[in-house]
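Okay, so chain A shows up in both of these, paired with chain B first and chain C after.
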Partner chain A sequence: MTDIATMPQPVSFGRRLKRFMADRPLIPLIILLVILVVILQILRPGIVNERWLANTAKFAIPLAILAGCQTMTMLTGGIDLSVGTVATMSAFIMATQIVNQDPAVAFLLAMLPAVLIGLVNGIGVGVFRVHPLIMTLGTSLIGTGFLQVYQRTVIASGAKIPDFLNWLGTGVTYGFPNALFLFVPVAVLIVFTLNRTGFGRLLYAVGDNEHAARLSGVRYWQVITALYIVSSLLAGITGLLYIGLIKAPSLSLAEPLVLPSVAAAVIGGTSIFGGRGGYMGTIVGALILTVLTTLLTILQMPEGGRRILFGFIVLFVTAAYLRIVEDR
Partner chain B sequence: MSRFFRNQGWVAGLLALLIFVFVITKLIQPGYGSGDFGSLARAVLPYAFAVAAQTVVVIAGGIDLSVAAMMALTSVTAASMMNGASEEYALFVIPFVLAMGLVLGALNGVLIVVTRVPDIVVTLATLFVLQGAALLVLGAPGGAAAEWLKASVVGTAPIPGLPDWADAWVPKALVLLVVCLCIVWIPLRRSRLGLSIYAIGSNELAAFRSGVPVARTRIIAYALSGLFGAMGGLSLTISTGIGAPIPGPYLLASVAAVVLGGVALGGGKGGLLGPIIAVFVLRLVRTDLTLLAIDPNVTAIIEGAIMVAVVMFGAFITMRSRPVGATP
Partner chain C sequence: MTNNPLLDATGVAKNYGAVAALRNASLSVLPGEVHALMGANGAGKSTLVKILTGAIRADAGRILIRGEQLDVRSPAAARRAGLLPVYQEPSLIPDLDVLSNLRLTGTPVEPFRAWVRELGIPDLDIRETARHIPLAILRVLDLARALAVEPDVLLLDEMTAALPANLAEKVLEVVRRQGDAGRSVIFISHRFVEISALCDRATVLRDGSTVGVVDIQPGIEEKIVEMMLGTRIEKTRVAARAAGDVAAADGSRPRLSVRNLQLGTKLNDVSFDLANGEVVGVFALEGQGQDELFAALAGSIRPTGGTIDVDGAPVKFSHPSDAIQAGIAYVPGDRTEALAMQRSVRENIALPFSAALRKWGPIRMRREQVVVSSAIARLQIDTRAQGEVQRLSGGNQQKVTIARWIAANARTILCFDATRGIDVGTKQEIYKLLRELAGQAKSVLFYTSEMEEVQRVCDRVIVIFGGRVVDTFPVEQADEPALMRAAYGLPRGARADVGILAEVKPGSSAEAAS
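Moving on, here comes the complex of A and B:
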C-alpha cells in the first residue's frame, strides 16, 4: 500500500487517488497506521509479533472506547471531558467495594456515579444549554472531589482487583486479548447505533443543524441527556476494563487517557463542530496513537521529548488528514 | 444609561456578588483584615493572569487549552535562569520570559491559521509540546527567584496621600496585577486591533468582508494570550520562589472564570474586568470554605458545584433573554 502512496505518478492519477481517499477517509488513516508499524519494525526488527499485537490491542481498547464517547458527543457538537473521572470512579469503587460486597452489588455501585454524572452533564448541556466543555470539566471536578472523600472512608478496608477483571484486562485466549470480548460487541453496537438506528441519525442531525433538527420535531434535550448518560456508562465500563489492565487503583487512574481520547476521535476524522465522522475512523485513530506511544518509548526519549513529539504528531496528522478530506 | 446597565450589568452583578462574599467572609471570621486580603491577592495573581490569557482568546472566538502548560514552561524557565544568578540578572530574565510567552503564543496562532485545524485541537497539541518542554527545562520542582522580585508581591504598596488604614488594603500583588493588565489591555481595547479581535470573534466572515485581517488578528490574539500566560508563569515563580514543571489547575479555573465573568464562549462579547472579578469571587469562596474548617476535599466538591451552578444559571439567563425563535 505504501508503494502506491510514494511512487511518482502522472498528475491525473494523483488527483484521482486524492479523490479516492477523500471519499474513503479510512484508507489514508490505515496507510498511516501501516507506515507507523513499518517504522517500528525497521527501528527494532522483530518487535512486530503476535505478543506485540496483543499488547497493542490491550492498550488501544480502553482508549478506543473512551474515544467512542468523544466521537458520539462530538457528533452533536459537544465533548465529554468527564470520561476520565467517571472511569476512575467506577474502577476505584469496584476495587474497594468488591472486598466486602457481592460482585453484582459492587458493579451496580460502580455504575451509579457514572449514571449520575452522565445525567447531570446531559441536563446541563441539553436543558440549560451550558457549553459541554465547561459542563463536563465541572462535573469531573466534582466527581474527583467525591472520590477523594470516598477514599477516606474505605482506606481501612483496602482494595483488590476481582479475578474476572484481571482476566478481562490482561488475559489472552488463543493469542487474542480477552478485552476483545468486551470491545467487539461495544464497537459493533456503537457503529450500528450511529449508522442504522434512529438515535444515531438524531445525533448527526442535531450536530449538523440543531435549529433544523428542532423544527423537524427532535426533542433536543432528550437526545442530549440520553447521549451523555450513554457516554458516561461507556466510560464507567472502560474504567472496569482499565483497572484489570493497570491493576493499581489510584485517584488519577484514567485521567491521562482523556486528552488522547479527544485526539483519537479528531484524528479519526470526526469533526469537533459536529455532524460529521464515525466510529471506525476513531478506532484506527486510537490504534495510531497507541503505536505512536510505543514508537516514542522504544526511541528511549526523555519524557519531555516524548510529549513534545506526541503533540506535534497529533497536530501534523490532523492537519494532513484535513487537507486530504476537505479538498473535494 | 439603560444601555450602560445592559452592557455592564453582568460586571455590576459580579461586583455585588464579590461584596456579598466579602461580607460573608467578615461574618465568618470577624478578624479578617488587610493582611488576609494581601494573601488573597497573592493567591489570585497566577489565576488572574491565566484568566486574562484565556479571555483574550475567547473574545477572538477561540479557546486556549495550553494556558496552564504555558505558565508551567515560563515558570520553570524563569526559575532555572535565576537559579544561582545575580539579583540584577533577573532584569534580563523578565523581558526574556515575556518575549518567550509572546512568541510561543504567536506560534499557537500561526499553527491554527496555517493548518486550519480547529483551535481546540491545536492548543491541545501545544499543551503536550509545552508540557514536554517544561519537563526538559526542569525535571523536578526547583530553581530560584531573585529576592527583590519575591519582595515585589509581599506587603503593601505605599501610595502617597493615602491614609495608613486605607493603604493597608492595597497589597503590592494587587497593584502589580492591575498595572500589568492595564498596560496591555487598555491600549488594546482602544485601538483598531482590539476592535478587530472583537470583530473576528463576533462574526469572522463579516469581519473578513469589512477588511479586517482575520489571520493576523487571530495570531496577535494568541500572542497576547501567550504574553499573559508568561506573566502568570513569572508570578508563579515569584510567589513560590521555585518553578514546577507540572501545570497547575489553571486551565479549568480560567475557563470557569471567563464564563462566570460574562465572556461568551462563542466570542465577541465581554471584557477583562468581569473575569478578573470572577477570579476574586472564586478564590474568596475558597478562603471562606477554609475558614469554615471544611475538609479540603469537600471544598473541591463545593467549588465545582458552585462553578457548575453559576454557569448553568448564566446559560439560563442568556436563554431567557434571547428573542423568541432565534437560533440558539
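Moving on, here comes the complex of A and C:
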C-alpha cells in the first residue's frame, strides 16, 4: 500500500496542480464558469453588465435550490425526481388559494403536499427500500395527477400571483435581485447543515457506507425520511419563488428544472453513488448551466441543435471535471 | 492398494505478492481412497484446492494425474481431467431451475436424479428454481451433480457443514462407497469424527507446506494436531493475569451474561459470562458460529432463543444502536464494513456521536476535536493522510475503527479478528490497548483466528465448535495444543491412548489399515 502522504517531494508540476485541484475541487469549476462568461463577452461584447448579472442570478437561484435537494439526496446515494412536481404543486396551490384565503393559510396549504410527498418518499426509500429513482418518480406522477384533479376544483376562482412573491421573484434592490434574500440564508443553512451538524454527517456516512453507519448506531430510515422531507420542503419553497419569477401558473411549471438540477449537482462534483460532494460546488454548477443556456441562446441555433449541444457539453464537463479532481 | 497414485501433486507453491499462501505442498491420492486434507486456518488448504481444480494457477509445482503431467489451466480443464470440486458455497445459479443448471454444466439428468434419490431426497422437482431450494438441499444437489459425471477425483470442501444429521449421514455413506468403487475423494473437514469414519489417509498442511501424511487409525488425532501445530507444540504457559483479579474483586454481577443463546442451526446453547475488567478470548475454526455470536451481541441479528443480560438486566437488541446504548461496541474484522472510506479520520471517529436523533443538531466542533484528538493520540494513528480514510494504511484504518469506540467511551468492545491482515507493530499496539482497557474495568470479547493472540491478550478463552461452547480455559492453560484440540472438538485432558476415533467407529480404522 503506498501512502500518498509520504510521497517524495519532487513531483511534476502537472501532478502538483492535480493534487491542488483535487484538494480544492471548487477552483476548476470557478475557472470554467469564468471561461464561459469570457466566451459570452467575446461573442456579444458588452452583454456582461449589471443587469445581465442580476438576471442570471434570478434564473440560477431556483435551479440552485432544487440542485440543493439533489445534492443532499445524492450524498446518500439517492435522487429526488419529485422536486419538479412538488415545486409546481406549491406554486399552483399558492396562486389559486391566495385568491380567497389569508396569505398564511395559503402558504401552509401550499407546503402541505410538499411535506406529504417528502414523507412518502422517505418512508418508501428508508423503510421499504424502494429505489429512490423509482420512488420519487412514482410520487411525482401521483402528485401531478392530484394537481390535475385539484385544478378542476379551482377553475372558477382563477389565480393570481401574490405581490410578495412578485417582489421576491423579479424585484431588484440596490442592483441585487431580491431572490438573494431567500437564497443566501437557504444556501448558508444547507452548507452549515452538511458540514457542521450531526444530520449532515449522517448523510455523508450513510451514502458512503450504509453498513458502517448502521454499526455505529445510525438508523437508516430516520435519516432518509428526514432527508426526503427536507428536500421536498426546499422544493416547495422553490416553487413559490419560481412562480414569482415566471408569473404564469401551469401544471408543468417547474418540471423543466428537474433534470438540470441533477446535472448541476453532478457538475458541481457530487457523486451520484453517495458520500462525496458539497453544496458550494452545486451552486457553481447551477451558475455554469445558466450561463451555458444563455450562451446557447445567443448562438441563435435551432432549439434541437441547442439541446444536443447542451447535452454534449454537460457530459464533457462532468467527465473532464471528474478526471481533474479524482485522485487516482 | 499399492497402485500408482491417481493424483500426485508435488512442490506446489503460490505467492500473493509478498505473502506465500503455499510454499511446498504435496498431495498424493491413491485410487479408491478417501483422503483427508487437514490444516489449521490459513495453512493453505483452500489455496491448494483452488489450484487442483484450476480456479487459480500455481507459481511452481508439478501435478500428475494418472502419471501424466497436467497443466490445469481452468476449471473446465480440471473437469476434463476428472477432477471435480464441491465447494462450501452452493454453486447452482439461483435464478435458473435445477434442470437448466444441469444443462449449463452438461450434466446427464438421469444419473443426477438417481444420485439425488440415493442421497436421501426422494421428491426433488427439477423444475424448481434454485433460489427457492433450502441451502442444505442445494449442497446435496451440488454433490449429486458432481457424482453424476463420475469424476475420478471428487473434492469435497466441508461437505457436511450445515447439513442436518440425516442428510449428512447419507452423504458420508455415498462418499464411502465412492471409495469402494475405485474412485478417489479428497475430503476437507474440521471434524475428526467424520474423518475417522470415512478416510483412509490424511495429508496435513501447515504454513503452506505438507508436513505429513498419516494413515487414519485410533489415536491418530493427537498426532495430526501435533503436526498442524508443528514446533509450537511446546506448551507455553503464561501466568494468570492481574486483571483477572480485578474482575473477581468487582465480583457481584457480570458485565455481559449470555445464557443458552440459540441462532438457527448456527449457534446452539451458548452460555458464558464477561466480567468488568476482563478480556475473554473466543477461539474457533472458520464458520463455527462465531460470526453469528458476535452479530447477536452487537444487535445486528436477533437470536432465536436464549437470553443476554447486561449488568444483570435482560436486554433484547433489535438494532446495533440498542447495543451501543448499552455500551457494547462491535469492531468487525473487515475494516471496509466499519469505515466510511471517503470521509475523514475525524468524521469516522465521531460518527457514533451523531447517530441518535437528538444529536442531529449543530456539532460542537471544538469539543469534538478534543475528544477525537485524544483518541487519535491514544491509538497513535498516523494522521498525515487523514482527509480520507481510504488513504491510510490497513493498520491505521483498523485503529480508526477502534478509536471510534474509545472516543465514545464504550464499556464493552466486541473485537472480531481485529488484527487480521495488519502489521506486527500495530498488532502489538492493539494488544496493549486492549489490556489497558481491561485495566480500566472495561471488558473485551476478543475473537481471534490466531492462537498466539489468545495468550497475549486474554484472561480466559472460550472455544466454539459447531455452534457450541466446547470448552473454557483460563489463559494459563490456554496453550496452543490445548486450544487446537478443543477447536477440533476433541476432549480436553492429557492425550488418551484411546482417542475418540476408537469410540466412534472401530470398523473404519480396520478398513483403513487393510
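Quick note on the criterion: the second predicted complex is superposed on the first by the 315 of 328 C-alpha atoms of A that agree within 3 Å, B and C clash if a C-alpha of one lies under 4 Å from a C-alpha of the other, contacts with A are read in each partner's own complex, and residues count from 1 in each chain.
Note that a residue touches a chain if its C-beta (ideal position, glycine included) is under 8 Å from a C-beta of that chain, and two chains touch if they have at least 3 such contacts.
Everything numeric here is computed off the predicted structure, so don't read it as measured data.
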{"item": "Touching partner for A:D208 - first (chain B), second (chain C), both, neither", "value": "second"}
{"item": "Partner chain(s) touched by A:G217 [first = chain B, second = chain C, both, neither]", "value": "second"}
{"item": "Partner chain(s) touched by A:G275 [first = chain B, second = chain C, both, neither]", "value": "second"}
{"item": "Partner chain(s) touched by A:Q148 [first = chain B, second = chain C, both, neither]", "value": "first"}
{"item": "Partner chain(s) touched by A:L137 [first = chain B, second = chain C, both, neither]", "value": "first"}
{"item": "First, second, both or neither for A:G198, with chain B first and chain C second", "value": "second"}
{"item": "Partner with the higher number of touched chain A residues, chain C or chain B", "value": "B"}
{"item": "Which of chain B and chain C A:L315 touches, first, second, both or neither", "value": "first"}
{"item": "Contacts of A:E255 with chain B and chain C, given as first, second, both or neither", "value": "neither"}
{"item": "Footprint overlap on chain A, where chain B in one structure and chain C in the other make contact", "value": "211"}
{"item": "Chain A-facing residues of chain C, complex", "value": "298, 300, 319-321, 324-325, 330, 332, 336-343, 347, 350-357, 359-363, 365, 384-385, 387, 391-394, 404"}
{"item": "Residue numbers on chain B that touch chain A, as the complex places them", "value": "63, 111, 115-118, 120-122, 124-129, 131-137, 139, 252, 255-256, 259, 265, 295, 297-305, 307-308, 311-312, 315-316, 318-319, 327-328"}
{"item": "Partner chain B, residues of chain A touching it in the complex", "value": "79, 120, 124, 128-131, 133-135, 137-139, 141-142, 144-146, 148-149, 152, 210-211, 259, 262-263, 266, 272-273, 302-312, 314-315, 318-319, 322, 326"}
{"item": "Footprint of chain C on chain A - complex, ascending", "value": "1, 3-6, 23, 192, 196-199, 201-202, 204-205, 208-209, 211-219, 222, 226, 275-276"}
